[in-house]
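Take a look at the following structure, please.
We call the chains A, B, C and D, going by the order they appear; numbering starts again at 1 in every chain.
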Amino acid sequence: MTNKKLELIENLESSVRSYVRSFPAVFTKARGYKMWDEDGNEYIDFFSGAGALNYGHNEPSMKQKLVDYILKDGITHSLDMATDAKVDFLHNLNEIILKPRNMDYKIMFPGPTGTNTVESALKIARKMTGRTDVVSFTNGFHGMTVGSLAVTGNSMKRKGAGIPLGHSVTMPYDNFVEDEEDTLHYFERFLEDNGSGVAVPAAVILETVQGEGGINAASMTWLKELEIICKKWEIVMIVDDVQAGVGRTGTFFSFEPAGIEPDVICLSKSIGGYGLPLAITLIKPELDDWIPGEHNGTFRGNNMAFVTAAEALTFWKDAAFEKNIQENAAIVTEFLDDMIKKYPEMKGYRKGRGLMQGIASDIDGFSEKVAEHAFKRFMIMETAGGQDEVFKLFPPINIDKEGLRSGLETIELSIKDALTSMGIDKGAIKS
Amino acid sequence: MTNKKLELIENLESSVRSYVRSFPAVFTKARGYKMWDEDGNEYIDFFSGAGALNYGHNEPSMKQKLVDYILKDGITHSLDMATDAKVDFLHNLNEIILKPRNMDYKIMFPGPTGTNTVESALKIARKMTGRTDVVSFTNGFHGMTVGSLAVTGNSMKRKGAGIPLGHSVTMPYDNFVEDEEDTLHYFERFLEDNGSGVAVPAAVILETVQGEGGINAASMTWLKELEIICKKWEIVMIVDDVQAGVGRTGTFFSFEPAGIEPDVICLSKSIGGYGLPLAITLIKPELDDWIPGEHNGTFRGNNMAFVTAAEALTFWKDAAFEKNIQENAAIVTEFLDDMIKKYPEMKGYRKGRGLMQGIASDIDGFSEKVAEHAFKRFMIMETAGGQDEVFKLFPPINIDKEGLRSGLETIELSIKDALTSMGIDKGAIKS
Amino acid sequence: MTNKKLELIENLESSVRSYVRSFPAVFTKARGYKMWDEDGNEYIDFFSGAGALNYGHNEPSMKQKLVDYILKDGITHSLDMATDAKVDFLHNLNEIILKPRNMDYKIMFPGPTGTNTVESALKIARKMTGRTDVVSFTNGFHGMTVGSLAVTGNSMKRKGAGIPLGHSVTMPYDNFVEDEEDTLHYFERFLEDNGSGVAVPAAVILETVQGEGGINAASMTWLKELEIICKKWEIVMIVDDVQAGVGRTGTFFSFEPAGIEPDVICLSKSIGGYGLPLAITLIKPELDDWIPGEHNGTFRGNNMAFVTAAEALTFWKDAAFEKNIQENAAIVTEFLDDMIKKYPEMKGYRKGRGLMQGIASDIDGFSEKVAEHAFKRFMIMETAGGQDEVFKLFPPINIDKEGLRSGLETIELSIKDALTSMGIDKGAIKS
Amino acid sequence: MTNKKLELIENLESSVRSYVRSFPAVFTKARGYKMWDEDGNEYIDFFSGAGALNYGHNEPSMKQKLVDYILKDGITHSLDMATDAKVDFLHNLNEIILKPRNMDYKIMFPGPTGTNTVESALKIARKMTGRTDVVSFTNGFHGMTVGSLAVTGNSMKRKGAGIPLGHSVTMPYDNFVEDEEDTLHYFERFLEDNGSGVAVPAAVILETVQGEGGINAASMTWLKELEIICKKWEIVMIVDDVQAGVGRTGTFFSFEPAGIEPDVICLSKSIGGYGLPLAITLIKPELDDWIPGEHNGTFRGNNMAFVTAAEALTFWKDAAFEKNIQENAAIVTEFLDDMIKKYPEMKGYRKGRGLMQGIASDIDGFSEKVAEHAFKRFMIMETAGGQDEVFKLFPPINIDKEGLRSGLETIELSIKDALTSMGIDKGAIKS
């Protein structure tokens, strides 16, 4: 590495750094789906900050509000004191998102990261039920702090805790066990048999589409059945919508098509709109029985994020906004299906839904290779899954058709590059 | 409460909210040590965002850099990819802070909150030692996520976890046991006796001045002795400088006067300079042996905070900056000593050091009453300690003399108010 | 209760007592399959001390050896010092049982109870693998101390711990999930997917026939497959043969027909022969790497039990002894099948194998009722399963044909009694 | 080792064996304080089965009762069914021991070992308080199963668990910290400060004299103060009298001289009288709220032990029995004080009380050497403490004066042997 700035990072930053290893460039500017590095190279971003930039980079209307707010010396940091920026955000969230969906939830500010909202959700569920165990699902990802990590599946990250992780039980996610029609049947058996060794849990926590775990989408049937089980056993149902929420799957909340009503909803990443740290926990009023300050955090009042978040929510007033995401999603679906048909030698199958889709390849290392070649073609794209077996498309949800097409073209070229560089030809599929 | 906006908060926000209950006003603007509410009332802020606003609100030079960065579409969110803003921050931290202090540490971005840096510190200590237990100290406060909460003393917050907290052992902090010359002697006995039930821990974690726990300041001797114990038993020494660091006690790191070299240092709150979420973990190079991505987080690349943080660090180039903090601290010390002498009926004694000081009163509820009256006089001031027995002064570290004097005057008036309203007169001290 | 002695027990003994509630009589004498109470009533014992009296009560040849030993002032209590009684037991166990079965194991004395051998087995597995989690199976029962309880399924008993039980994961036992051909497929999926949230465990622990859990017998195929999984993933395989071992299922070890070689075997209950407390842990030599005294216990040298145990083992020299158990088992099987056919209204199905069989009834409370009526007919018989849905036949394994026939006749009468008293007639099966 | 039987043990028994390594002889016969090996050598036993043989070996009156019981085919094994043997034991315990001491307790049979009674005590304390943590004391020893081990201090044994041990907090035992007048002050500070990180525990568990931990005797003042703390904070006080109870310290219960009333008392070892496995848990009636069978165990009805235990209790009817123990204790005290004065070069100080005393030597390895030489002189004597720094005298409590004198003489000779063999002379004390 001859780049001076990358060298400085290598010298000074911890060995834990990761993305800078996959995308070794120094970025200086971004707008919408585009990023530029210090040498002026232009990149297409189909990564979107791992779902934190659903509206693209530096969206102009949010940017304007943000600069105005800063210039007028608006409150920057407020813990959980009242500010006009906070009030605006609460108002918009309630009026634009919750009310029209008939959703009655208390809004909690648990600290501005995904793991903070998850930890707060687990706490309130345990407190209100008096139970300790939480059921999570295979390949779920909920965060890096000990409480969240205990309900996260990834073994490398779990080992990182340095302590055994407890008070959690893992159940199979939809389709985890091949040829298994109904993995929830398994969960129910554990609940109903009082000799099963699994106590009725305080909560279940799940993603409707598992981002880090391999872009696994649960079916709507599975989600509905899970809700029925939770109601039957009085288990708090927590949907971690940190990555799949805020439009990523085509609706504001990812679970809307299933018609379920989670007891607790975790949001972060794109809820701030502009990529600024923010997280909220939505809690059914009957569960919202905290002692004041029982969970807190220094940055739970990040007002710049309130400003951009409040503005971002206004986009959802117009039904066309949501419709456009779904059109983009349809284009991606069609494209991926086409790729799978066109390049059977990559042994791929489509995963996910909405603008949270990707292709899993049965060929070891193939998906990583696609992402590598994409980067050579100035595109940012990530892999997912325990073996990085999926390359995933996370374009901004409001990307224009030209940008989308351009990105998809680059992906096809990268697939070809990967096939060539790995020496895979059509003959491969016969074996 | 007749204020419409406060009503909206009460209706929509979770019951967990706390400061808005103590400071029921809607703030709209702030600069330096001043805040304004929606009705134009001007407040003196001696709270400083619980230590996240050490440089005061919306400091002009940071503000300028921030607005410029936003306007030129600088990268907002980057996970741990390289950006010029991040490189600048790393460079300044190394050149201005670490190198001049002969400190050789790797810089980790663990997610932008205090609890995130603490969780990362505990992980690396456990991983590198292969041990599970961590020793923390009575009245320590390290965060709200399960890993950090397990090393936090406060019983209300611990219960909030809803699960027993483990893999931690609490030892008495300096002066915890009255009439006890040397509480570290206890700790050592536990270490040296292999029947003590306390295994040699992976780490100790401590604040040099305990903010939430009651503004308890450890002596320099105690800190040095603790370092000796850690070296002897090969225990990782973690200083959580989230609240006491970044100048709050008069030096950049709070432990500088003790001449110790912690193995791991946790920083957050004011490291971002402007009140934006940021946290870093400083790790001695020989301990920095992470697997890439073993700890991660969506907002570990909050570039706006990098911009303001890099600018804030430049203040430290001039030795006068530090000297001025110490002068301010001396004024506060003198003032508090004076108050204690002048109002013996409040049964107060001074606690803390630097600009992290307060008065503990032996009269139940007195300190809370002082803070309440201060608010009526348009001053923001917090209490600390398990019984809220301390009212604490957290002015901006760069406050000008006029602002400081003005704040101290208000405090004296509030003390008088509290004495009067509680019906305490000088006769009280005889009882 | 008018009986003076039962009154004394009620007054003085803890509320935790249980069997005395089901069998309210004061027993004074026993021999073989017969017991007598203080009033001279004679009972048939098909309970056999929950498997601790496989050779019947007060077997004459053991009795003789025992009295001789006591009269000559043989060592009674020896911790783990050497005594001739211990040497004889070790010799007989090795010569009569282990060698002829080509079994090479170190013999550990972990304290004289079932839970002690289980705790020792879990310790050595964790120590030798450096892993913490142990996989147990639904409806497994391994003991009442915290380590064993953590791998026990029963929810009432688990709650009794008063703390969350950890470092264990429950997997479905054979046939746990209805219509599920192969529950081990689940276990394997969890092992092979590194995002499953289930780490490769230190050990699996299982009973080949679950006594307390409902007389569930694993198939030989399932046991063999489990062994293959353990070998593949280097998991220590622990067979808890405390209840099913020592002839109860027709062979000395219950797993012999499966042809497997567990890494660790737990024995207690009938290993002492005469009903005296004794337990041993058999450990493959390569795993037997304890520090001397790393696990210990005051009564690990119960020499009276060594004397009776050594004598009991001699019975196994003659192949006819084992053959006779199997003949008895065949009689029980035939009888139970006959009952099920003859009394379809009890909605029963046969469970278990060898002399560890019973009938599970789908009618709530039926099996308990059978046991109650049996007691009225002076027979001791227990129920099993989470809902006490099984009445189980545990005659002495060396019972003579007359005794067996007599017991079975009483059971048929008790079934009839139960049907009558519950008002169940043949019509019931139609509903 | 040329002895065939010891070779057999070495070949067949687990590496965990310990005492056979210190006392390599094959014992065949014992009576009172005497043991004989296979070669007819006669040994003096000042070990008494680590406190399980307080009445000496094979005491004639118990032996007679036991043989009679066996010969008449008395019930051997009864789980928790009623037998006449059990009723007799309950009656004697209540009439001879509890009533005369004004003690009102329910009697629980938790399984026949020390660790079983401890586990049952911890369970009921946690259940009745709804709290999880238990406070134990430095150098406490309570058993080898995970629940008991978590409240045991010894680090080697704790590590043996292979898992982190939790739900326990260790506080300093009386005199643990040198020059510390009152270690309970430390405990109280943790309780009263709600930021201490230590929650009010479910229970404290303690030995009044710590056997394994180094023959540390708590003062009566310390015990009384601890009781006051427990009452004040509604903490269940558990006295583990497994080793110090049943006369070992001069009274039936070790805590009698302190005048305290523990909530729960654990007894095992010598409660059976003859060295047969037995344990009981005494629980104040108001705490005895178990679900039937919530704690159970196969060997909780060891009737042979009931027979000998009932007989042993009759000894206590005569006040002379207790008085004689105290006379023996006085002789031991005088002897040890004399030894310390006479052999200052061994740098010894006396520890313990009653017939549970020993000498701790500040010379590394000295006490072990004394025990080794004692064995060469055909005496069985054990060491205690984390560094085996204490040689301890555990003669039968009913030993006759001749036996006692003979044992003490051998000890003096062994001290001399040790001094000589280690090359220690009187000059040593000057350094």
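By our rule, a contact is a pair of C-beta atoms (placed from the backbone, for glycine too) under 8 Å apart; a residue touches a chain by one contact, two chains touch by 3 or more.
Only a predicted model underlies this, so the values are computations on that prediction, with no experimental measurement involved.
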| item | value |
| --- | --- |
| Taking each chain's C-alpha mean as its centre, the one farthest from chain C | B |
| Comparison of C-D and B-D by number of C-beta pairs in contact, larger one | C-D |
| Euclidean distance of C-alpha centroids - chain B vs chain C, Å | 58 |
| Intercentroid distance (Cα basis), chain D paired with chain B, Å | 49 |
| Rounded Å distance, chain C centre to chain D centre (Cα mean) | 31 |
| Multi-chain contact sites of chain B, meaning residues that touch two or more partners | 132, 156, 163-164, 166-167 |
| Chain B partner contacts - residues on chain A that touch it in the complex | 5-6, 8-9, 12-21, 23-31, 35, 38, 49-53, 57-58, 63, 66-67, 70-84, 86-87, 90-91, 93-94, 106-109, 111-116, 119-120, 122-123, 125-127, 132, 143-148, 150, 156-157, 160-164, 166-167, 202, 242, 268-269, 274-277, 281, 283, 288-299, 302, 304 |
| Residue ranges of chain B in contact with chain D within the complex | 132-133, 136-140, 151-156, 158-159, 164, 166-170, 172, 176-178, 185-186, 189-190, 193-199, 213-214, 385-387 |
| Residues of chain D defined as touching chain A within the complex | 163-164 |
